[in-house]
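As written, the chain order gives the labels A, B and C, with residue 1 at the start of each chain.
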Amino acid sequence: MEIKLVEAQIEAILFTMGEAVELDRLAMAIDHDEDTARKIIQNMMDRYEDESRGICIIELDGAYQLCTKASMYETIIKITHIPKKHVLTEVLLETLSIIAYKQPITRMQIDAIRGVKSDHPVNKLLEYNLICELGRLDAPGRPILFGTTEEFLRCFGLQSLDSLPAVNPEKLEDFKLQAEEEAHQLTLDI
Amino acid sequence: MEIKLVEAQIEAILFTMGEAVELDRLAMAIDHDEDTARKIIQNMMDRYEDESRGICIIELDGAYQLCTKASMYETIIKITHIPKKHVLTEVLLETLSIIAYKQPITRMQIDAIRGVKSDHPVNKLLEYNLICELGRLDAPGRPILFGTTEEFLRCFGLQSLDSLPAVNPEKLEDFKLQAEEEAHQLTLDI
Amino acid sequence: MSIPVKLEVFEGPLDLLLHLIEKNKVNIYDIPIVEITEQYLDYIKQMESRDLEIMSEFLVMAATLIKIKSRMLLPAPESEEEEELDPRQELVDKLLEYKMFKYVSDKLKDKQEDASRVMFKSPSIPKEISDYKEEIDVEELVGDLTLSKLHEIFTSIIKRQSDKIDPVRSKFGKIEQEEIDLSHIFTQIQEYGIAHKVFYFRNLLESQTTRMEVIVTFLGILELIKLGRIKIDQEYILDDIKITYMASDVITMEEAGF
C-alpha cells in the first residue's frame, strides 16, 4: 500500500529531524501536495493515540514533531535515574595513575608513556571528574594540560597533591640498572 | 492492557534516550524482570516490521536502540543533510577485521598477520571509537589487548560479534580450488 | 624486465606478494618461487621509500623468499625418515590468512555501507528533568581502591617503560638514521672479492651488524651471482656460504643495469 509507505517516510523524517518540520518541507520530501500530507499526518496522529505507543506527533504552528506522550513522564524520569554501571577499568586506572604522578601532563605525553592513543580513557576520567584541565602548555599547538581534581583528593583521602607517595629518583635509577643488567646477560644473536 | 502500557513505556524510553539502552536498565524502568522485558521487546520489534513504520528497534549486544529503517534513507536525505561518516581506508578496514575476528589481540599479533607495523591504523581506529583497549595480556611486556566497541557493531549493522560474516575453513578451500583452476587454465613458464 | 612506470602502492610485503601471485595467475599452494622472488626483488628495487621502517619490512620478506628459494634449489635429503616439509608452507599459510582478512574486510565494507543508511536520533531528555546529568558516584567508583594500589600501578608502568629503553643504544645519544647505500655495499663486496678471491659470506658481515646491512649485503651477493661475477657453494645446509670471486674488476650498479 502506497499510503503505508508514505506514513513510514513521515515517521522516519520526524524521527531523524528531532525538531519540528514544516508541512511544506514534509510534503516535498514525500512527493505529495500539502493537503494530502496533512491528511496523512492527521491519520497517523490518531493511530499514535493507541495505548501501546509511547510517542506521538504534535502540531506546532503548521509544523510537526515527534515527542513522547506526557503520560510517559514518570517512566522517563525513572530511566534517567537508573545509573549506568561505571567501573574504573585497568585502562582508566593506568591513565589516572600517570596523570596523578606526572601532572601537569599533556595527552601526547600520556600517549607516549602508555604507547597508545589515550583519548578515550582521558575523556572518561574527565567525565568522572577525577581529572580536569589545568591550562595549556606554552608550546606549539598549545596542548591542554591535565591534572587531578579535588574530588580525586577527597576520594583517596589526600590533603594535597604533596601527599601523593613519591616515586623517588633512586627508584628510577634502580629500574635503569636492572634493565641494563638484563641486556648484558643477553648475547646478541645477529 | 498492562502489556500495551509497557510497550509504550519502552518506546518512550528508547525515543528519549536516543542511544542504546541496556536490557537490565530497561527492565528496571518498566518494573519487570529481564526475561519478560526481552520478550516484550522482541514482540515490538516484529510489529515495527510493518510497512507503515519508518523506524525500528535494533539490538546491539544486549542493548536496544531506535533507528530509522535503511529503506527510508532516500527520503531522509531529501530533507536533511546527513554528515558523512568516516570513510575507512583499506588499511583501516583490514586492521579492523583482524581485530574483530581475533579479539582480544595485541598489536604485535596484528602486525604479524598484516606483515607490517600497525600503529597508525590502530590509533586511528581508537580515535574513531571502533576499537578499544580491553586490558593487558599477562605476558612479558604486558602488551595491550584490543577489541571492538558497541560503535563498531552499530556502524556495521551487527547485532553482536556472532553476526560477523562467517569465515569458515570451507572458504579457505574455495580459495584453494579457485587458485587451482586458474593454474590449470594457464601454462606456466617457470 | 620492464616495470610499469607508475608503481602501485602496496600496504606491505604480503599485499605485494598476493598481487604478484594474482598477476601471474599462479596457484598460491604451488608458488613458482624463483619467478615470484625475482619479480618481488624487481619491485622493491623500484621503491623509493624514504621510510626505512617500511622498507625494512619489504626487505625482510625478500630475505625470506630468497631463503625459501635456496632451500628449494637444494636437493631434498634422501634418507630422512620424516617427509621434508615444503619450504613454502609457512609463507603459504601466512598468505592465506592475510588473503582471508582481505576478503572479510571487503564483506565488512559492504556491511558498513548498508548500515550507513540507518539514522539515529540524539537524546531528547525533557528540559524539565533538569537533574538529568547523570550522577556519577565517584566515591563508589573509586571503591576500595587505595592510594598505594594507584602507586603500584604507576610504578609498574614506569618500570615497563624503562625496560623498553635499550640501555646500550640509549647511551649512543641521538642516533642519526643511517642511509644504507646499496651501491656502496655492492662495490665493497667486489673490492673484498678482488682482494680475497675465495671467502665466506660471514667474512663480509664482520663489520656489519644491523639486520638491514645483512639483508642488503645478501641482496648484493644475489645480484653478483645473477651477473655471473661470483659463484657460491654451500656444502651442507646452514653451512657458511663459500664465495668465489671470478671477475677481476669492479662494476658499478649503473653499469650492471639497475
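The rule we apply is simple: contacts are C-beta pairs under 8 Å (C-beta built on N, C-alpha and C of every residue); 3 or more make two chains touch, one makes a residue touch a chain.
All of these numbers come straight from a predicted model, not from anything done at the bench.
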Most remote chain, CA-based centroid, reference being subunit B: C
A-C or B-C, whichever has more C-beta pairs in contact: B-C
Between subunit A and subunit B, centroid-to-centroid distance (C-alpha), Å: 18
Distance between the centres, which are taken as Cα means, of subunit C and subunit A, whole angstrom: 39
Inter-chain centre distance, subunit B versus subunit C - centres from mean C-alpha coordinates, in Å: 32
Contacts with two or more other chains, residues of subunit B listed in rising order: 15-17, 66, 68-69, 72, 76
Two or more partner chains touched - positions in subunit C: 119, 121-122, 124-126, 163
Complex interface listing, subunit B residues touching subunit C: 15-19, 58, 65-73, 76, 82, 85, 88, 90-91, 93-94, 96-98, 100-101, 113-117, 141-142, 154-158, 164-165, 167, 171-172, 175-176, 179-180, 182-183, 185-186, 188, 190
Residue ranges of subunit A in contact with subunit B within the complex: 1, 4-5, 7-13, 15-17, 21, 25-26, 28-30, 50-55, 66, 68-69, 71-72, 75-76, 78-79, 82, 84, 89-91, 114-117, 119-121
Touch list for subunit C against partner subunit A, complex: 119, 121-122, 124-126, 129, 132, 134-139, 141-143, 145-148, 150-151, 153-155, 157-159, 161-163, 165-168, 209-211, 214
In the complex, subunit C residues that touch subunit B: 11-15, 25-30, 32, 34-35, 53-54, 57, 61, 94, 96-109, 111-112, 114-126, 160, 163-164
